[in-house]
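Next, two complexes with chain A in common: one pairs it with chain B, the other with chain C.
Our next item is the complex of A and B:
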């Protein structure tokens, strides 16, 4: 429903509902955008401030990056919408399997 | 359409198949090509057994023996087992979910032609200076030092056919996700469709590592790179990992559809709903998932260290649990059922003890400490032939008998079928059971001969006699096919009389649009449900309307042919042949030119009009 254009010629479309949905979605986008800016700011701050070791900074920034990717996927690339269950399942399965393989390669391959 | 039943000339039929995008015809192409490679791989197996029948034999030389074992493994896995499973997936899966074709018919044809040209390329190595000889796993430490072009044929041929397989897998996924008939929820899909779905997902995740490995190997051998060359700072172990990250899921890609075929057969001929359907689905998905977590159990003796070995050993044994669930569900399906002993059911019966044997030895070799003893002996050879022949090949033979009427409209002879089963089944156990003991007695695998008086003589002879029985079984199956097609007695919608799933609701072979009206699915075993309520067929889910169909196209053939030509250019480029680079460019030009034509030319397909569908006799949907 929410994916249909507003100018649809379908007379049974509930415009009120649609507008409400759009407002809600816009709010989510703005909130997540603000959060992403904030996360980016933190990432810069961690590097700029003295006192943090590299072994803390690198995993911390990677964690922030992962959170941003999730925001990006769900609120800007519409994965939060209905009908995206199969793609997201495949995406996360592939990601998991890929990471397991990378982890294995980093730990058990000897040179 | 009246043209459907028309007699056509030979040339017209060939052109029809070269350009077809119909999933049922592509299935027949897969069946023929896969069957041909199965016979070639079988012939290689017979050569192996002749060579090893007696000690100190010189039927083939040591070098030729290496080529034969390499090509036997490669051909059987990539060019016989997978395409034959793809044949059944193509023929049956769209019918089982009530679809008119796969999601991308053009890509389906492209997938077939890529596989076919890759396979032909690989097998041309026999005539062009020697086949690959580094084993089907082509471990880099052997492969990059292999003389001649054998391994290049392996790398380029598998790369091309791998593209085709990947496309096929994605196509099946999209088809199952998007094109199920009204009412066909995920938990109403027949088990064969479920296993096609999971196997396709595994193809999607498993083939990229193979592509990466083959690309690196190609650069090492053809373009002077050193990814696997230890002396130049490369790492030969990485190939082993990349290969098995693909290779282990690959064996589940083979066995899951085999499980699917047997699930259909057990439930049809026990005339009972499959026992524990939802646990079967769960087990299938779980096997598919765990299949990615176990690859290093092929490398226990490489020196991964005890922690890694232990993790992979435990993960491997965990797969025994969902597999056990399946075995018990099949047994309980038969329990209390009214079992009918048809040829497919014979195979299904034979499958259970054979596959359990393979599973038990699987847990044995999964025990990392014990594997140091089994590794590289005939015990391992016996193990994987018990799962692949006892599982996959029996399923392929069962599926051939079971779906032959649906694919060709004729029924294979049951008596000949049962004789085939007994010949093949006895031959199989005769060949491979004794190999467990050969392995335990210390016979290493991949040796081209052995000395007399080590206690291997009699056992090897027994094994070779078994191979003769299996060959006789396969020849009888071919005879059966010829006799059946010559007699050409046509059968109706549901020739087994106990069909449960949607493919049995339409004529055999189905009209090219499959379903005149898409069926309404009201539960698991949709057709059985309707039959039990005294109805003749499915309730339509839509009014009779125009059907949109894709046009036939010669472009898939051309795209694949271009890559086939380009591969020769890439390969002979190392010999400084002046024509190599032009041939490479020509081939790629053909491929990309064909893709350009496909992109620029609009092809909207055509409609079968309502009136034509009404005129047609028979074809109830």
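Our next item is the complex of A and C:
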């Protein structure tokens, strides 16, 4: 397999650009980590403070979890990068089937 | 590019995790596996949600009696931080910095062991303090199956990363092992994704009642 030709005739220039891009990406990763920690604290706080009703807390923390997972998938697991069409299809198919299973267990089947 | 090629900082490709055919196959196959894992964990979540607080009589403890905020918060922080440290490891992998990658993977593994230790303490505590054992109620069975399955994933992930670290300790980075490290870090992130739902759906929603 020979592929990935050097994008510039001078590899050093290409290298410097790549390094900078990596540093910038790492900065985005740290920002998304900070946001994830922040969302986690909010989720724990609304439960620990005991001032809210369950009908507010449950959808609210589920929403926070969904946002956190988007950060994990698209930044930490690089799904925002190019070449993730098949991974997206696999994951979203899995997610869709999973949600149907949860829905079925919680509504159609009763105990 | 070939897996056996000796590479330097200058010749290291921009996406070493996808620069050989084997790497591309690994990448694709692993995401297919993660799609399957999503369905697996979703069915365990569905089982837990429908069996939550289903106990035979009132002597059994319910979700809101056994879960505690501090323990879950510490466990969550450990696992979330270990996700960031493995991102750092992959950052150094892309820059062909083998030693730095190994150090960050080492920190990831330590945090993972911290999480696992807390989980073992937690389960032990539930069994001895509340009589909440695997066979005590439908609720307990569903709880231990879901959270224990996640714990088993953490355990497997730790073994996987450690095995990679030991096996490649003297090799340095090449296009043969870079995709292996990358895929292992994807697995580690996925474990964290599942934990985000566990701490939300099982612990926080359990405390709400």
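In this text, the second predicted complex is superposed on the first by the 94 of 111 C-alpha atoms of A that agree within 3 Å, B and C clash if a C-alpha of one lies under 4 Å from a C-alpha of the other, contacts with A are read in each partner's own complex, and residues count from 1 in each chain.
We adopt the following convention: a residue touches a chain if its C-beta (ideal position, glycine included) is under 8 Å from a C-beta of that chain, and two chains touch if they have at least 3 such contacts.
Here the structure is a predicted model, which is why all the values come from computation and not from measurement.
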Taking the superposition as given, does A:108 touch the first partner, chain B, the second, chain C, both, or neither?
first
Give one of first, second, both or neither to describe whether A:80 is in contact with chain B, with chain C, with both, or with none.
neither
So in the superposed three-chain picture, is A:58 touching just chain B, just chain C, both, or none of them (first/second/both/neither)?
second
Partner chain in contact with A:43 - chain B first, chain C second, else both or neither
second
Look at the residues of chain A and decide whether chain B or chain C touches more of them.
C
Just to be sure I read the superposition right, which of the two partners does A:90 touch: chain B = first, chain C = second, or both, or neither?
both
Taking the two structures together, which residues of chain A meet both chain B and chain C?
86, 90, 93-94, 97, 101, 104-105, 109, 111
Hey, which residues of chain A end up touching chain C in the complex?
1-4, 11-12, 15, 18-19, 22, 25-26, 29-30, 33, 36-37, 40, 43-44, 47-48, 54, 57-58, 61-62, 64-65, 68-69, 72-73, 76-77, 83, 86-87, 90-91, 93-95, 97-99, 101-102, 104-106, 109, 111
Over in the complex, which chain C residues touch chain A? Could you list them?
1-2, 9-11, 13-15, 18-21, 27-28, 31-32, 34-39, 41-43, 45-47, 49-51, 54, 69, 72-73, 76-77, 80, 83-84, 87-88, 91, 94-95, 186, 189-190, 192-193, 196-197, 199-201, 204-205, 207-209
Using the touch rule from the top, collect the residues of chain A that touch chain B in their complex.
86, 90, 93-94, 97, 100-101, 104-105, 107-111
Would you tell me which residues of chain B are touching chain A in their complex?
177, 201, 204-205, 209, 235, 237-238, 241, 245, 289, 292-293, 296, 303-305, 308
